[in-house]
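Letters A, B, C and D mark the chains in the order given here, with residues in each chain numbered from 1 onward.
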Amino acid sequence: MVYHMPRTDLALEAHRVRAGAGRLEGVEVREGDRSGFHISTVEVRSPAASEELCKPIGIYHTVTLEPVLRREEAAFSSAVGLISGLIGDLLPKNDRFSALVVGLGNRAITPDAVGPKTAESVLATRHLRDQDASMFSAFRPVCVLSPGVLGTTGIEAARLVKAVTADLRPDVVIAVDALACSESERLCRTIQISDTGISPGSGVGNHREALDRDSLGIPVIVVGVPTVMDVSAISDAESMKGLFVTSRDIDTTVSDFSKLTGYAINLALQPELSIPDLDLLLS
Amino acid sequence: MVYHMPRTDLALEAHRVRAGAGRLEGVEVREGDRSGFHISTVEVRSPAASEELCKPIGIYHTVTLEPVLRREEAAFSSAVGLISGLIGDLLPKNDRFSALVVGLGNRAITPDAVGPKTAESVLATRHLRDQDASMFSAFRPVCVLSPGVLGTTGIEAARLVKAVTADLRPDVVIAVDALACSESERLCRTIQISDTGISPGSGVGNHREALDRDSLGIPVIVVGVPTVMDVSAISDAESMKGLFVTSRDIDTTVSDFSKLTGYAINLALQPELSIPDLDLLLS
Amino acid sequence: MVYHMPRTDLALEAHRVRAGAGRLEGVEVREGDRSGFHISTVEVRSPAASEELCKPIGIYHTVTLEPVLRREEAAFSSAVGLISGLIGDLLPKNDRFSALVVGLGNRAITPDAVGPKTAESVLATRHLRDQDASMFSAFRPVCVLSPGVLGTTGIEAARLVKAVTADLRPDVVIAVDALACSESERLCRTIQISDTGISPGSGVGNHREALDRDSLGIPVIVVGVPTVMDVSAISDAESMKGLFVTSRDIDTTVSDFSKLTGYAINLALQPELSIPDLDLLLS
Amino acid sequence: MVYHMPRTDLALEAHRVRAGAGRLEGVEVREGDRSGFHISTVEVRSPAASEELCKPIGIYHTVTLEPVLRREEAAFSSAVGLISGLIGDLLPKNDRFSALVVGLGNRAITPDAVGPKTAESVLATRHLRDQDASMFSAFRPVCVLSPGVLGTTGIEAARLVKAVTADLRPDVVIAVDALACSESERLCRTIQISDTGISPGSGVGNHREALDRDSLGIPVIVVGVPTVMDVSAISDAESMKGLFVTSRDIDTTVSDFSKLTGYAINLALQPELSIPDLDLLLS
């Protein structure tokens, strides 16, 4: 018997489909609250569990950001701190690593623009060290790349990232992408942070090549924002092909989550900076 | 017994819900093909039918634009010609009328931006006649206004249009707006042209005041593009509130339909111009 | 003998051309520093001085914003506080006035976009009071309008503002516009605040009708940012027609000054709000 | 004695400064008219002439596009045909070459955005052949890359292009960039096409590494649009630092020239396509 697995890039949702409220062998799920936000952590530990969930082995945090969306006071800075901490835990443990931040997706398609828009909020610092080693020596070297999409560049994003990685030799890649989810509770309200890279078919734009430790030789942290839900989750009519469900204020959602994600990445990479510093440096 | 009427701004869909494949007293429906496009025309003739359909008395053309979306050769110019003819039939019959074109909706929300974006493609000519009567005397005087939305201006769009209409005294208003539909067959694929004005609650942004002959004292032609479908059409879950269904390439759809609508309005108002003229004048 | 007066919208520069380091009968000039910023105030008091300077009778503050441009810490909030105070001094003295904020200029031309972009950062509140009087009763009623430019709307901006003012009856208009200056020291570095309205020929877009107390019947405060300098200030070659001097980072300048101006207007109109409140409400 | 050479990326202007109306040893200048446009061709032939003009050895066409700017009928298609022919003459002579089109400059700075904006109008076809060899076999394989600028990516554009070129092994690079000129007659009115690559210090953004046959191992054709003029050409005041002269309608200029350049590159690379084909494929 074949179970239908709806299209979702969230490990949490895949686990809910397979295990319901129960448990799955080889998967550990933890629920918790931190700084006023709910975090669900799914750890996929065995090849069998990975195959069952269609998700690579690794750790997946899903943070619910309702307080930010309700624009509660200080929610933005709390969320930046929390996400930045979750990313930081996945970064290399030495102090001298360099990073490449990759904004995946199509800037011209609103729900797919989270990656490129986040990239605009990430401080590139690699060239600063080259310019004045003493002044900027506190900064970790960071490069930022938005590789575009196959349809407009003719180059698979993963291939472009590989070429750049081979040339610049960063110690870690942080990739940001728009995701698809299967449950409206998570749509435009959550962020998933994982250490598993991007696998073929994930993301709103459906990448065809992997972007992970196997393909690049270095760790690939992925920060993803579910901005669309496939209508097949709610209807399987033929005329629904090419349609999706999204939030009424998708433009604001993409803008808010991109700033939030960008700031969190900056603080994870440059722990000596503060949010007001970033406000100054990025405006 | 109360029938549930799903949210739709298309008279054609309202009629389908109420009458199915049958007929409704006081409504005439005509189907036809012209220039390779299918046109459904619904004429609401009696107060009873108007109440039954929740649509003002008047004529509603719905044109299916599949050939344009498939980017068939010459489909754009055919569609511009067809829509421009349908608009032209609703315009005043004398040669000397002046027009106010109104782009309704929120420029910053992609599926609601059809109105303001169309306005960018409409030639304003009123001031040209004032500048050089002989050279531009062939142009009908046209003004173009994008009144914005209540949330960002503090002014109801209808009220702003009324104030401007009272001052400029145009002979006709052509309002352009994004619409909601209830069937995926029409989503991001059709244009509705009507002579009935905008009624409260219609449009993606849910206007609260009417913009019609009663409120303005002059005819109000409305060109509407269904860019969203309420998810209540397919699911009534609580968590679906604030979500909608739209097409995967909504950014392109809005851009294409806005240009198409703007060009059609220009040719209806200035019949001596051609599409290549507009390409030159509007770039 | 006729002195050539270079094109400038800054009273300070006009005074420098006419009076040099000296004094002009009917004009008072004060220089001072506040919150780390330099303020030059020119008060034009007599009809003769007004004619000599080609500037209406009234008060003109020019604030130099170098510390903001150097991105000094806290410079943004200091500047917002200072500008907001200067605007506040020109507002009606009673507590119950309502305001119309007008963003003049062309959104599609970068150096002319200061007005419309500032308008995007101003909170519209008039409709909130109508919606829930108790909750929002602390807010002064504010409307926001970007009337566009004659070339794309066919309506003189001043005429549109007049029609709206006649309808809504605000107690004061605050107009924001891009200005032309004649000296590079002030280009993209200063803000002028005046209580004199906009006169024909001023602004980057060269308005043809006045927007002032005479034409509207209520006070018109103008906040202007010099974003271009006429090349005639430095060269009178024929081939220089249609060219202007601007700063290399004009896009950033327009974006920064628009946010600064919008925030200052908000704090002047709603003194109970803070910058962090605005960050939340406007994002 | 040292002559001052004003900052210009146009070989034509450099030659005028050095040779006036006379001749320079090792340089050939040809003037001519084609399809209603004036073309000046400068051929730099000797190392001595190259040093004298601060321009690499090679051919430089400067086309004056006044008829396009005056929006004369058919001027756009004539100009596309002409520029496409000039580019075509510099392309490899075999039928099976592949190309990488590179849009240099900063998308967020209007006068520097010609490169990235042109890239948006270039058809990427490399992946189409991989997808369906039979259907798209008529297309030459083309990739399109906008590498961004050092300040926001941390990666020198030339280095990114080198890494991609090493990986994809195209036969030719076509780079598009905004240029600086020294004479207002050419500002925002001309296009320069050369076979010399980009040298350090050229372009509006001042690249620091070369992008040419020496660095990439393949021919590098450059299409450049002069969008700014250094004010040092007209004034050497200290306060003029960081300022430049540009046209009043720079936003329109950049948009028009980018479309023109993109279309010309497409027709040079895919001679079987027409302008209406491109209108369909690129919208």
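As a working rule, a residue touches a chain if its C-beta (ideal position, glycine included) is under 8 Å from a C-beta of that chain, and two chains touch if they have at least 3 such contacts.
Note that the structure is a prediction, hence the values are computed from the model and not measured.
Where the sister copies subunit A and subunit C meet, the same residue numbers recur on both sides for over half of the interface positions. Counting C-beta pairs in contact, the pair that comes out ahead of the other among A-D and B-D is A-D. Relative orientation of subunit B and subunit C, expressed as the C-alpha superposition rotation angle, is 180° to the nearest 5.
Subunit A and subunit D have CA centres that are 37 Å apart. One inter-chain figure worth recording: subunit B and subunit D are separated by 42 Å, centre to centre, where each centre is the mean of the chain's CA atoms. In subunit B, no residue touches at least two other chains. Of all residues in subunit D, those touching subunit C in their complex are 108-110, 183-185, 187, 229, 231, 234-235, 237, 239-240, 242-251.
Residues 120, 124-128, 141-146, 148, 150-156, 159-160, 162-164, 166-168 of subunit B are the ones touching subunit C in the complex.
Touching subunit B in their complex are the following residues of subunit D: 71, 73, 76, 252, 255-256, 259, 276, 280-281, 283.
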